[in-house]
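Take this structure, written in structure tokens, and hold onto it; I'll ask about it next.
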Amino acid sequence: MFRDAVLVAAKDLRVEARSRVATNQVLPFALLVLVLFAFALGTDRGTLSAAAGGLFWLAVLFSAMLAIQRSFGIEAADDARDALRLSGLDAGGIFLGKAGAIVVQLLLLEVVLGAGIVVLYDVQLHAPLLLIGSTVLATAGLAAAGVAYGMVAAGLRVRETLLPLLVLPALAPLLLAAARVADAALGGTPGLAAPWVRLLAVFTTVYVAFGVVAFGALLEES
Amino acid sequence: MDLVVRLRAVVSLLGRFPALAGVDLDVAPGEVLVVGGPNGAGKTTLLRACAGLVALSSGEATVLGHDLRRDRRAVREEIGLLGHATYLYDDLTVEENLRFAARAAGAGVADAKAALDRLGLGGRLRHVAANRLSAGQRRRVAIAAVAARRPRLWLLDEPHAGLDAGGRDLLDALVVEAAGEGATVLLASHELDRASTLAGRTVTIAGGLIADGLLRAELRPAPAASSAAPSPGQAATGTAPEPLRVP
Amino acid sequence: MPTRNGVTSALGAAAIVLLALTAVLALVVSPAEVNQGDSVRLLYLHVPTAWLALYLSFGVTSLASALYLWPRTRSRFWDMLAGASAEIGVLFLGLTLAVGSIWGRPTWGVWWTWDPRLTSTAVLFVLYLGYLAVRGVPGDQAVTSKRAAVVALAAFVDVPIIHQSVEWWRGQHQAASVLDDSRLLDPQITGTMATTLVVAVVAFTVLYAWLLAHRMRVFDLEHRAGQEDLTAALAERRAEAAELGSAARATP
């Protein structure tokens, strides 16, 4: 399973490196979202910097939608399921591989977005270990849930509209927890973050396990 | 001798439409079987069913020793399907696509290289991205991807379509070679003339059923010189008339 | 073709009786509550629908989905049960949120509050809307049923996480205003009120069963209609082959 996961992740990342969709489209989109938040909330520096943690994760969430759609879009235009099933790869391996590739892409995105909120929203980054650790953890959970639901929507004609409807409510607790950790870290009160980090750990573990188990069933039908 | 493919009264539904309406088929190891038939007869569905891609509503089906109604995953690992879609990654080069296909199937990078060369893709083309190839070239890459997996059962759906003369010759040589190495080949084609030169046997599928010997002979375009009526010898080389079965 | 049969008629009759009883108890017999006055009577609608939707319906959907996915117990029955229960659940959850909102207005002065229970309920509502969306996708029914079952299980797994996270979230803003006053959320329930509540819950459970029975009958009839189509389609398909055969035999 892990060998297959590495194979799939490497393939997905190689496709990304060639097509540069994440860098040319998703990244600018994420930065645009940050700017739009400023338009929506008003440029009162206090408001933006207080909300920076949540806005960061919201931007990541929206960008993740695009990344997930793309991840399944590259698998043979109309029928992602056929291509993946015919490959002979282990279902759990495909899940981990795709999720892994998305984690890498999102992490790179988050570095840039982090710089974005420092610049645009005038925040200071404290507690780097907490920030980095929680970000990696949350991103893994995000990718796991996203790829699992992405497979549910894959190959269906209504997939572009169905995926957000399925994934975003499921990600609500992740958003909540990640934003609170970010708030705590940025606000200089890292101690408050502990229960939220635990929640992130639970969420991520649950969804990674769920994805590995359920992916087989999802690939399988018809 | 264990049959590579054994189907009995197989019914397969595409939504409400019965693409396969009760198919009986036996394929022996090492055989090259050509499946002919008009458009919409069920050739593609038959191949996809043997590939383990399609759910069967009723009937018994065994491919390479695996029960198609229970363990389709295991079947997929051992077959190579050349379908209408090419299943290539647009942004990767020919060589990268083939290496991925080979390694995903558990074959080695060397197999990918060998397949590349075999299909005449070994030169400059190796480093071209898949979306910059012509349709015929993409087809060749798709064939190479099947070859690189070294499958025990080859399922080829209209493989000659879109290939130039050189490509068709290469494909034929590949099929003969694979059969020689003990693999089994199931080939669906409109071009029965060309295909049947490869085949040990031909069957015809129509209306989701394997049709009887008479029908098969009629669907083959009559060669100009010989008579149109099937000779007794011809009927005897094909499958026995398959009875219509109710699922 | 009507979906009524002996079972549904019995359930229906029982439901009507119990609901009438509930109405009488709720509106007339039971007293007004200490803090909220008469608006507490809305609770007799709100609590049963909440119980019905959150625990009964979605619990049944999750269980049925699991049974459907498990190869040994796979059967169309579980799929129908999961779908029917989810539809009823979404209906009642919507009702729960609406009634809760109506109750909240005179009591708290606002239509909505980010109370942990309300918020997790809202998220759950959307999750199940997603489930119904997957079921409603046109295409191969076997495909959508399986995917929907997976989504149902994912939702089930997600619920405790959602609930816990929202609890913590709102817990950090304790005593922000009278809106968080737990006296209002958990009113004093005395003798007659408790009885009324129990009757109400029973009545709605019977109502659920009645709706479920009807909905599953409809599913079944749809399926049977589809099967008839199938037999006809199979016959047509084979006729194709026979036609070709006789055409072939006809030509010299």
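Here the chain labels run A, B and C in written order, and each chain numbers its own residues starting at 1.
Convention: contacts are C-beta pairs under 8 Å (C-beta built on N, C-alpha and C of every residue); 3 or more make two chains touch, one makes a residue touch a chain.
Because the structure is predicted, anything quoted here is derived from the model rather than measured.
Colleague: Looking at chain pairs A-C and A-B, which one is connected by more C-beta pairs in contact?
Modeller: Looking at contacts between chains, A-C has the larger number.
Colleague: Among all chains, which one's averaged Cα position is nearest the averaged Cα position of every protein chain shown?
Modeller: Central chain: A.
Colleague: Would you kindly say which chain has the C-alpha centre located farthest from the C-alpha centre of chain C?
Modeller: Here the answer is chain B, farthest from chain C.
Colleague: At what distance in angstrom does the C-alpha mean of chain C lie from that of chain B?
Modeller: 47
Colleague: Could you give the separation in Å between the centres of chain A and chain C, each centre being the mean of its C-alpha atoms?
Modeller: Going by mean C-alpha positions, chain A sits 31 Å from chain C.
Colleague: Please report how many Å separate the Cα centroid of chain A from that of chain B, as a whole number.
Modeller: 40
Colleague: Taking each residue of chain A in turn, which ones touch at least two of the other chains?
Modeller: 220-222
Colleague: Of all residues in chain B, which are in touch with two or more distinct other chains?
Modeller: 55 - these are the residues of chain B that touch more than one other chain.
Colleague: Return the residues of chain C touching two or more other chains; collapse runs of consecutive numbers into ranges.
Modeller: Correct list: 139-140, 142.
Colleague: Can you list the chain A residues touching chain B in their complex?
Modeller: 4, 7, 11, 14-15, 18-19, 74, 76-79, 82-83, 85-89, 91, 220-222
Colleague: Which stretch or stretches of chain A touch chain C in the complex?
Modeller: Residues 148-149, 152, 156-158, 162, 165-166, 169-170, 172-173, 176-177, 180, 195-196, 199, 202-203, 206, 210, 214, 217-218, 220-222.
Colleague: Quick check: in the complex, which residue numbers of chain B touch chain A?
Modeller: 51-55, 72-73, 76-77, 81, 83, 85-92, 96, 100-101, 103-106, 129, 149
Colleague: Show me the residue ranges of chain C that touch chain A in the complex, using the header's touch definition.
Modeller: Those residues of chain C that touch chain A are 69, 123, 126-127, 129-130, 133-134, 137, 139-140, 142-143, 146-147, 150-151, 153-155, 157-158, 161-162, 164-166, 168-169.
Colleague: Touching chain B in the complex: which residues of chain C?
Modeller: Going through chain C, the ones touching chain B are 139-140, 142, 226, 229-230, 233-234, 237-245, 248-249, 251-252.
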